[in-house]
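Presented sequentially are two complexes of subunit A, the first with subunit B as partner and the second with subunit C.
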Partner chain A sequence: MPERSRADLLLELADDELILGWRDSEWTGIAPFLEEDVAFSSIAQNEIGHARALYELAATELGTDADALAFDRTPEEYRCALLVQRRLVPDWARTIARHVLYETADAIRIGQLVEHEDAELAGIAAKIEREEVYHRLHAEMWLARLRDEARYADAVEELWPFALGVLEPEQRPALAERLGRPEVEAVERTAPGDEFAALWSEMTTVRRSAPVGAQW
Partner chain B sequence: MVTRAVVTEAAVWEALAEIPDPEIPVISLVDLGVVKDVAVDGERVRIEFTPTFMGCPALEAMRTQMEDAVTALGGEAQVEVVLDDSWSTDAITPAGREKLRAAGFAPPTPRAAGATTLVQLRSKAFRCPYCGSSETRLDNIFGPTPCRSVRYCESCRQPFEQFKTI
Partner chain C sequence: MIWEVFRRERKGQPFVHGGSFHAPDKAFADAYAREFYARRQESVALWIVPRDELTEIGGFPDEFDLKYRRVDGYSIKARLKEARERAGTLPG
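For the complex of A and B:
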């Protein structure tokens, strides 16, 4: 397998954060209670902010800009993990299961990037990590509430192979260990499916309807 | 020929200290600690600026306001956004922290070694900005903007916003 370039790595990360941000934002206005409306909206905003910074870094390398990377690619060109593509509204148990799984996986890869030899990448990762701490605390609070519920356990069981697919094969044992789960066959990043196509269509509507070069 | 006023670094810092944070207008960009560096070369003024939270929608507004401030001084601004890890809530100046508190935003607690934990958030380390009591509880880790949590004071029975420590 050819080694991934820095741009590939950045795009995978950025796509994960952008698409999860969109999925989280689907709770805005309809979460089970107001506090969670606020929480998921805020988490979504953070994730999209992380995506922006990562796209900007990738864009300088690819000779384009962050908006073009976020919105002008075809659905097939996105590299996000299948875990973040799933539309889980209105299922709260699965939403929290994804939240716990994703944040745990993300902590592993961000933790490694903070130590990266590329100072620019390491700096952004460290800045992202400052905010992710609060996402994990939020996930931790919900895990404490739901861990003994059958619906939650079923949701984790279902999403577990998808969670492994967020990480590189060599990072997966660490995720299995942190969550105390057996390592199973991961759902790898592949060309996005129908659920993603619908999200992409909504996400890029304004961009596609605007004349080229429109200023906002 | 019109002689233009010489822009000095001190004048730029002074002008930037007048620009309010778009979302928490009681505190200025300088109080917030987001202006990393100012370098003046004739009329050209280069400002290094680092965002607080990465998804902050006020980024563009801040940039425009800084450019306008430099223009008003007769300079030409070049605002560079630096996306490294150099900003933390510890960069908020003592004056900035006091302005936050006076406006009802509890200033961030100093960064401890290691990441914030739930035990810390649930501890008595957070004081009510209205009455000073430490009998406060965490209501929501998240709040109206990414930089704030919501807490409740058991003593004066006021909800209040707590600047997150990052």
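For the complex of A and C:
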């Protein structure tokens, strides 16, 4: 497998964060209770903030801007993992299962990126990590509450191959070990999944409705 | 379960009541308190306490208007004026 370029790596990460942020924000206003609504919406907003920082770094390399990368690509051009594309509203147990799986996987790759020889990548990873600490705290408290529920166990079972697909093959054993689960065949980042087209259409509606180059 | 929040805005300042929220246990309360009262750097420290753990005491009688016991003490301004009038030493 050829080495990914830096821009490819950034776009994968940014797309994961943008789409997860988008999916999590679908809970705004309808989360199980008010405090959680505020907290989960804030996490969603953070993820989108991370996406923006990553897109900006990629954009300087690709000669474009963050908005164009986030909203002007065709659905086929997105590289996000299939885990983050799934529409899980109104299933809170599956949402939390994804949250726990994603945050655990993300901690592994961000942890490696913090050590990266590229100072810009390492710097942005360190900034992201400072917010992800809070996301993991949030995921862990929900995990402690739901781990003995059958619906939660079923959700983790279902999403586990998707979670492995968030990481590169060589990072997957670490994820399996952290979560005490067997390494199975991962759902790889391929062409966007079925649910992505509808998400993309909604996500880019405003952008596409305005003339090219509109300022907000 | 309702939690009360006291926040310290800057180092060296006292904790002041900031509000309250619902959370099922301490782990959730910890996360929500950070989220609602600290993540935008609006506090440097928080105290969170279950409302049931607080003891409110109130209703303090002051039947004989013993205001000399209060920290604000007497207001001597009016009395001083009266005394000066009697003595004919009112200034101005």
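Basically, the second predicted complex is superposed on the first by the 216 of 216 C-alpha atoms of A that agree within 3 Å, B and C clash if a C-alpha of one lies under 4 Å from a C-alpha of the other, contacts with A are read in each partner's own complex, and residues count from 1 in each chain.
By definition in this document, a residue touches a chain if its C-beta (ideal position, glycine included) is under 8 Å from a C-beta of that chain, and two chains touch if they have at least 3 such contacts.
Since the model is a prediction, treat every value here as computed from it, not as a measurement.
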Open item on the list: After the overlay on subunit A, what do you see for subunit B versus subunit C, clash or fit?
Closed with: clash
TODO: Please work out whether A:35 is in contact with subunit B alone, subunit C alone, both, or neither, and reply first, second, both or neither.
DONE: both
Open item on the list: Between subunit C and subunit B, which one touches more residues of subunit A when both complexes sit on the common chain A?
Closed with: B
Task: Touching partner for A:123 - first (subunit B), second (subunit C), both, neither - done: first
Open item on the list: Looking at A:137 after the superposition, I want to know if it touches subunit B, subunit C, both of them or none. Which is it: first, second, both, neither?
Closed with: both
Open item on the list: Let me test your reading of the model: by the given contact rule, A:64 touches which partner, first (subunit B), second (subunit C), both or neither?
Closed with: neither
Open item on the list: According to the stated criteria, A:171 is in contact with first (subunit B), second (subunit C), both, or neither; which is it?
Closed with: neither
Open item on the list: Going by the contact rule set out at the top, does A:50 touch subunit B (first), subunit C (second), both, or neither?
Closed with: first
Task: subunit B and subunit C footprints on subunit A, overlapping residues - done: 35, 38-39, 42, 134, 137-138, 140-141
Task: Touching residues on subunit A, where the partner in the complex is subunit C - done: 33-35, 38-39, 42, 134, 137-138, 140-141, 144-145
- [ ] Spell out the residues on subunit A that touch subunit B in their complex, using ranges where they run on.
- [x] 35, 38-39, 41-43, 45-50, 52-53, 56-57, 120, 123-124, 126-128, 130-131, 133-134, 137-138, 140-141
Task: Touching residues (chain side subunit C, partner subunit A) in the complex - done: 21-24, 27-28, 30-32, 34-36, 39
TODO: Could you pull out which subunit B residues touch subunit A in their complex?
DONE: 53-57, 83-85, 87-88, 115-118, 121, 139-146, 150, 164, 166
